[in-house]
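To start, the structure under review is shown below, and the notes come after it.
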């Protein structure tokens, strides 16, 4: 028994009033799906069913596309930018007003710690709407030529790891530039997008400007398969991203993809030691490692490898795994059984292939999907855990001797989303940043996000940028 | 030409890693003028030549990317100088290949020179135009810069054998990419001659690699090659684009689709250049 | 060898040869100005933003119910109840001592505070009031708070306090010397005071608000510990900023790493600006998660404060009765 045992400090669920079932949000109304199909969304921390959610089919896609097309041509496209801006500002404000509710809902549906949904997901979602709202009437100055035109209608397929935030990343720039949207939330995390739909109603957004089609992979496939959207924006697995790129080959549909990653977090011997340890922890255990830009490969200079590992293990001993709604929880639940199986399988491969596995002792709740923070040492670059995206709280540790070797190892991946560099030597940071093939380089920090800061990858991590001025380009016919 | 003297004809070869090899396959194909007169035999490149060209482009890429922008600009300007000097030769060749009148061909060559000068000037401005310092809500300095995508496969326009080629190649290499170019299948000779200009313009070997041959044979190999990072389908017929794009998806290549009316025919813009750059964003804490 | 030992081996770049006992290695560190300087310069840097973020994250820990009750009592037992005013009188000190022994007259289960902290000339008053009661008498000394006096005056100040019966001495380091890079001078002065203290506990005030950077806080912490400090303490309370969570974080990391290297546990005292129960609990959480639970006792953790105690008592009553206490319910000294 620890001397200072923190009592449970759960955030109240009372702020969330879940309906037993949810329809699709099409043309400004919640409607029943044409084929009448639905699916259950569960709380991954308890396996409790949270709600029954409509499963959109091809007919629903048809309706949504028609609504979006009409809204784009008749209302949203012709609307002065200054007016579009005010709608987006309204949305941002309502997200802030309903922040607690959204945070609790996100933690319930996703399994992420309330500390993160409260301090990261929800405030950043509001900030994205705020940022892009201000662009709506200033697009002439965005650097894409005079009077850049919207593309038209955008199909946007988002993942389950940051359900609300990814919706904001997709919707805000699309709307600011005069496009209308069909948003397809992930199968396991549809709820915050549905509350977002309620927020669009509260903000009196014109019908059809945003349509939310909940469903599974078949819904997303039906959306993409139409081949008549002006834009498809996808965040998710590299496998599905490639399928989308293939599907849209030969069409005029613009595509942006934000896919997987296997980021190197590189620690030099002259790093700010304690902050580097925190950065490693934040890099891979933030959001249970369900982060495409997670620092899943720790590249540590051999001269400090032992010290870093000891400090890291000691630090992992203080991580608190458990109830996502507890304000003191650091590691929440794995989002789904399927994802847990994948993590378990890859971790087992690490052991089979000869890497050494370590986890702090921590008690795992009986129900729900959980995986303890895990470190693999003695990892060889050829092993699966060094190459494949695990998308879970599993860190593979490799060593290097020189800056050149660090760059070589960091770039030895088909991905290229992000990288971390830890050193107090300024010139080395810039040297590394120049050579790393990664769309985001965090130097002496990790996993920081901001609406003004472009995000996106090299190589098989996808193409296109979200955030900042660059994020506008994905939705403009410039 | 002296009466009775037999002319010495040039053998048209490939351009790979700064050298002019024949196709490893030993094959060639006849090239004719617009009205069907035999002009020369061009090298008929093979899949293996594509592989060699990609390997050369990959090897040259890091150093080319790290050359200063000023230096790359000077080299592009040097290409323009060398092209200008040989403009009479190019005008004649373009006229024969494309069936243009002499004066039209002269205009095409001047436009090509000017196009190179245009992109030469972009080298040290693109980062200022496409980059940004981002005011993030926290104690960080955050900046974004465009960097090269890497190795770009270019299927050059079929009709415009010189101006088209220059207009798609220059925006790719000026930012630090290296290129593997499939020249116009029917009109490859100006491209091969242009490679001679490149070879004498301080362009490091491997930065541009140029193949002549059958698009049906080479383009799918280039599109599917996993060490190619981007693909410019400028010269691909609409009905062939889908298959190449599908192949390109295997390693998520950045694809620039063929346009019905390519912008470069009228006026150049930074758009093609910005299609093959990656925006890299760097964060650093601000503290004492 | 523990983690920090390994860290140390790295940062001292070969001074502590592998296999050598860590304390012996440290003895070498203090053997000359040059070795000390090299050692301090070799300590890993502290990134300000990262340190502040970590401290802020720990400050979001939500301490409720029985954990809060335990934390309040623990915090009370760690308070150095302090009065350091020019206007201090025997009457004021006496009242403070009474409060220290029995903080809440209505509830005997409330533990006494750790110590009463006064200027040297009032140590006698405090000692007389406390007698053999389990509350220590601490005295600031060494030309507190600026420390701008000769070594002889500072040592005389210390002797004065000790002769009057002080159990603990809170000295200030020479920040001028430290900022001028004369680390050896700072070290020697702490060593000299430590020698003068004998059995009395020595708390070394770094005055982190004047050291300005976290790198300096880390270096000053190590200097004080190498010189034999029993406690390292943030502030005099006379300089703003006084104690802050990130400074606390850096100092707690230092005592943790020092313990891992030498086996000796040095205490930490946070002083200045700690007024609310929430503040106090944040420091407890910080100590718990950064240094470890070994530090969760008055021998190794102190909170230098005056008004904090009443807030702790009010929160304690709220925990017991469920009702918020009134502003006049507790005595004001």
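Per-chain residue numbering starts at 1, and chain names A, B and C are given in the order in which the chains are listed.
Note that a contact is a pair of C-beta atoms (placed from the backbone, for glycine too) under 8 Å apart; a residue touches a chain by one contact, two chains touch by 3 or more.
Note that the structure is predicted; figures quoted are calculated from it, not measured.
Among the chain pairings, A-B comes first (most C-beta pairs in contact). Nearest to the overall CA centre, using the mean of each chain's CA atoms, is chain A.
Centres computed as Cα averages put chain A at a distance of 37 Å from chain B. A separation of 68 Å divides the Cα centre of chain B from that of chain C. The distance from the centre of chain A to the centre of chain C, with each centre set as the mean of the Cα atoms, comes to 43 Å. Residue positions of chain C touching 2 or more other chains, listed in rising order: 47, 49-50. Across the assembly, chain A contributes residues 444-445 that each touch 2 or more other chains. Counting only residues that touch two or more partner chains, chain B has 138, 140, 285. Per the touch definition, chain A reaches chain C in the complex via residues 2-9, 115, 119, 269-275, 278-279, 303-304, 306-307, 310-311, 314, 318, 327-328, 424, 444-445.
The touching residues of chain C, when paired with chain B in their complex, are 47-50, 52, 212-213.
Those residues of chain A lying in contact with chain B across their complex are 127, 143, 145, 238, 241-243, 245-246, 248-250, 252, 257, 259, 414, 429, 433-435, 437-445, 448, 450, 452-456, 458-463, 465, 468-470, 478.
For chain B in complex with chain A, the residues that touch the partner chain are 62, 66, 129-130, 132, 134-138, 140, 142, 144, 147, 149-150, 229, 238, 241-246, 248-252, 254, 257, 269, 271, 278-285.
In the complex of the two chains, the chain C residues touching chain A come out as 2-3, 6-7, 9-10, 44-47, 49-51, 53-54, 60-68, 70-71, 74, 253, 284-285, 288-289, 293, 296.
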